[in-house]
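Let me begin by presenting the structure, written as structure tokens, before commenting on it.
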Amino acid sequence: MNGPETAASRPRSEGRATAPPGRRLCEVIANRASGGYRIFSALDPVGPEPGAGQFYMLAAMDGWGQRDGRPYVPRAFSVAEAVREEDGTRLDFLVESVGPGTERLAGLRPGEGLWVTGPLGRGFSPPDELGVGVAGAVLVGGGIGIAPLAILRRQLAERGAPVRTLLGFRDREHTGGIDELFACCEARLATEDGHAGHRGYVTDLLSVLLEGDAARSAAVYACGPPAMLERVRTMCAVREVACELAMEAPMACGFGACFGCAVPLAGGGYMRLCIDGPVVNGAEVETALVAGSGH
Amino acid sequence: MELGVEIGGLRLAHPVLNGSGTFDAIAARRAFGDAIVAEFPFSAFVSKTITPEPRAGNPPPRIFETPAGMINSIGLPNKGLEGFLERDLPLLAELPVPLIVSVMASGRAEFERLVDAVAERHEVAALELNVSCPNVESGLIVGEQPEETEALLRVLRPLTEKPLIVKLTPNVADPAAVAIAAERGGADAVSLINTLKATATDPVTRRPWLGAGRGGLSGPAIRALALEQVRAVAAAVSIPVIGMGGIESGADALAFLAAGAAAIAVGTANFRDPLAAKRIRIELEMAPPAVPDGLGGGARGRIPASTST
Amino acid sequence: MELGVEIGGLRLAHPVLNGSGTFDAIAARRAFGDAIVAEFPFSAFVSKTITPEPRAGNPPPRIFETPAGMINSIGLPNKGLEGFLERDLPLLAELPVPLIVSVMASGRAEFERLVDAVAERHEVAALELNVSCPNVESGLIVGEQPEETEALLRVLRPLTEKPLIVKLTPNVADPAAVAIAAERGGADAVSLINTLKATATDPVTRRPWLGAGRGGLSGPAIRALALEQVRAVAAAVSIPVIGMGGIESGADALAFLAAGAAAIAVGTANFRDPLAAKRIRIELEMAPPAVPDGLGGGARGRIPASTST
Amino acid sequence: MNGPETAASRPRSEGRATAPPGRRLCEVIANRASGGYRIFSALDPVGPEPGAGQFYMLAAMDGWGQRDGRPYVPRAFSVAEAVREEDGTRLDFLVESVGPGTERLAGLRPGEGLWVTGPLGRGFSPPDELGVGVAGAVLVGGGIGIAPLAILRRQLAERGAPVRTLLGFRDREHTGGIDELFACCEARLATEDGHAGHRGYVTDLLSVLLEGDAARSAAVYACGPPAMLERVRTMCAVREVACELAMEAPMACGFGACFGCAVPLAGGGYMRLCIDGPVVNGAEVETALVAGSGH
């Protein structure tokens, strides 16, 4: 809505799962440690099945605002997995505690109430929509950013698309979710401290992979810290490989109301990441290094 | 309680509006589908402020969370007059409630052009004048000067029969003086408060957090300040006052109505719950009447629970 | 970091003072014994504002809690000049830090008498002028008018060599203009912010909650507003600025110092913890240096935890 | 400090237990229902034994500020009982949930952290200090106001003073603490709904008692809602019986810093209830019906 319109800011009917209006109270049904992160689950009785890359705005029913009056607004979370159960959809979220909001959510106890709004935003596109002859997918995740790639990988697998997964982490404390979210199938790891897989950056693995022929017929889907996303974006641009990035920006509302989540567009101006993203085409944005972004 | 209200001839089903720039009905429809239109939470929809030319808005970061509130430095991103009339107005016309368009321009001539073009559209029920802007002629912030505010109204009033609502800035010593000037200039109503000047520091670099350096504070943190300004303004003018600032519940809304507001607007609370305004309206409907002052000023209503003897 | 500071010639061991009226050293000694004197949390003690004549203060209720803050309408209860000099000053002289006496009077003559009598006492290191009061001659709130403020300083400045600190009111459009006037008038420093005009409604009777009807808002709720006013004032004057408003942690204090304050004061936070200021001082001592802007304005310092690549 | 001085505003040495400076983190060691109220206990490792009538300022370490940014300041609580244990003093508090602060404190779980400041204020005086020939005590408690009378009763009993206890409650939901806090010895009850003891007001019991001779040699100690306290105050004034009231007022600090807890003095002006009270002599105050007071 601000500055030049993006192709995506067409009103309505854009193949996103629309959310029930308003926030709803869901029950927390699980919360377990996963490496240095935690995975908590809520039972959503009414919401639709989310698309990979969509997110929810979450707030604990109690204890919100407990640290110096924060958190005040809800917090945005990519859905890591969504499983239909008889009395609703189980939504899994992977959380890393970096401040008052994530700290509170990481501490949710089963039985507690969780305010949920979503699914929100535009998710990932199928490979074939990203370019002619594109069939496969390369998933590149960094740190907590592996969350949306888990549900993406499952949904791609269901469509029979060939998928390769590359996951990068900083060190032991900043590693988690692999066994729980990527159990199904092998993923190649890179860690900066070398405690698992390749010692170095996940983008090292990507560059090797992009040399191979398979790359031509594959699209890259990435989520992680801004620096990683920007690296992936430029690598793909150089090699003319289609890529979609699940980005982050500070969000107050998540549904286009506050204009807070501005991300600079390649053509100038800004998009609202919550409504025109959080998944963006690498070519669409000016940079993935957005001030204030980064989980 | 009976909830219908009238603002400068505009009849509203209930007193709960939205604060300009805190709800985008078009974006909300993309996120929530037509269901959000079906149970539209506001009795009138106030658009985000539009300006003569398109604006991209301020560089990020644009928001910072504060104790019980937030700072924003959005920078009025909007499609500009033309883009608004062409692309947004048709969609806003589909809403089930009257449309109030918020407008801002720097300079009287620009303001005239804007009000002219917007007021003539039948889809528009009323206009809100965002005067928290500098007047290029004088360099002064219009809304901070009673004289500037009255002068602007004298220019704009003749342009339309439609209600003109003046959105007051709270960053003044005496908001009532500006409100009186707006009334004298011919305003049909005033709305307040807009956000209060605020800033935040990056905890790591200790430099300004916001891309624009400064912004405006909103949310429950400012409620007590807003309530006092609404009280002072309502006591000073005879035109209706639309009160806002940190309203999150029916009780908050009742406090503003009791302080003299004819209607109230929900802003930041929309961010926490897209249907916050619906809940507030329901809480208003179900609110018990005020209890007359029992214990003579004294422990009036302030003795809960146990009261043996 | 090195914490010593100097305010108009007054050397302080560290930059953490108390906000006037938010800590009563005499009462605290009754509650906590001499231990509170031994580990006195402030580098200078600012007295509650005293007036020429004794004042009983406002009728209760005097306080109302708000989101992340509180409203007070205390009404400057104090023993008056004589009572203060006779009964409080000897006890305050026992404190291990310099004494700054806050004074307020309506009318220049009264203010002169007050400043004269207080400044001549050797126990007094400096004076803070609370100008959030009406001038009986003009009826205007001195601190809301640059001219009134400068004129008052011109009258008081010749009366003493001791540092004169002007406590600014935040209820103005442009606090920097008042600060500049204070500096021009000869003030050695300015302190801000005082509380912001606020009110609250009795949820049951829907009438004003406070006995005095209105009061002033303080606490974390106003921090972002205070920080912006301190930034604006520090950028406009060359005399030291004592910043306050919702400071609860070393990080908050650092933000005010980074915004240009020479020292900071702790007010409402004292109510939550009588030694809050001691904790804040220690957090200041242990604070890491600011990280230079790494990712070009961009994600500067804002990417915690995981950063593979 | 404000207006005319009260006898009590003499600085220092006034026979009160002074508190360790600053707030300290104590562990919650118990929390159980007691009728319509709850009794929670914290272990205070460093504080002195409090005097009956003194109070503490309390704030939960977590979840403070969770309802619309409230509670923000700590909440004042009379200590109901204090028991020396090997690693500290167990402090018992009787709480009635009437708002965000009491709600949070009533929900404290054992093991949670509790910020404690105190003991604060001036407690009850021994009978003999309240009048020549005064030896006995009549305790009059209303609702949650019975809390400070429990520890007073114990301390008086230890001094061998004859004590009679009258407790009043509104109805079942607003009754609690009797068995736990007054187990030792018989207390006469009055309830407005008549579910226990005399149907009516506790002051009915007091007036009967004040007719008897014993009254001459007894002092009245009362704590309860403002209306009850005012009734007791005037009854005692008429019959020239010495009485002390444990009053309440909105308090932000509890140690004389904010001047918020003003209570009008008989001689004009106000006292700060936190530092010159909360126990006041019935003759000292203008009224017990103070705006904003009452728990």
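By written order: A, B, C and D. Residues from 1 in each chain.
Quick note on the criterion: a contact is a pair of C-beta atoms (placed from the backbone, for glycine too) under 8 Å apart; a residue touches a chain by one contact, two chains touch by 3 or more.
Remember, predicted model here, so these are calculated numbers, not experimental data.
Asks: Higher C-beta contact count, A-B or A-C?
Replies: Higher C-beta contact count between the two pairs: A-B.
Asks: What is the distance, in whole Å, between the centres of chain C and chain D, each centre taken as the mean of its C-alpha atoms?
Replies: Here the centre of chain D sits 34 Å away from the centre of chain C.
Asks: Could you put a whole-Å number on the gap between the CA centroids of chain B and chain D?
Replies: The answer is 46 Å.
Asks: Residue numbers in chain B touching 2 or more other chains?
Replies: Residues 61, 64, 66-69, 211, 219-221, 297, 300, 302.
Asks: Tell me, which residues of chain A touch at least two other chains?
Replies: 65, 68-69, 290-293
Asks: Specify the contact topology among the chains shown, as one of line, ring, star, complete or other.
Replies: Here the contact pattern is complete, since every chain touches every other one.
Asks: In the complex formed with chain B, which residues of chain C make contact?
Replies: The contact residues of chain C facing chain B are 61, 64, 66-69, 71, 141, 144, 171-173, 196-207, 211, 214, 217, 219-225, 227-229, 231, 246, 251, 254-255, 258-259, 290-293, 297, 300-302.
Asks: Which of the residues in chain D come into contact with chain A in the complex?
Replies: 62-66, 69
Asks: Write out the stretch or stretches of chain A touching chain C in their complex.
Replies: Counting only chain A, the residues touching chain C are 65, 68-69, 96, 98-99, 142-145, 168-170, 174, 190-192, 201-203, 224-228, 231, 287, 289-295.
Asks: Can you list the chain B residues touching chain A in their complex?
Replies: Those in contact with chain A are residues 21-24, 26-33, 35-36, 39, 48, 54-70, 72, 74, 77-79, 87-88, 91, 209, 211, 219-221, 268, 270-275, 278.
Asks: Residues of chain D touching chain C in their complex?
Replies: 1-3, 5, 11-12, 14, 16, 18-23, 59, 65, 68-74, 115, 117, 120, 249-250, 252-264, 268-270, 272, 275, 290-293
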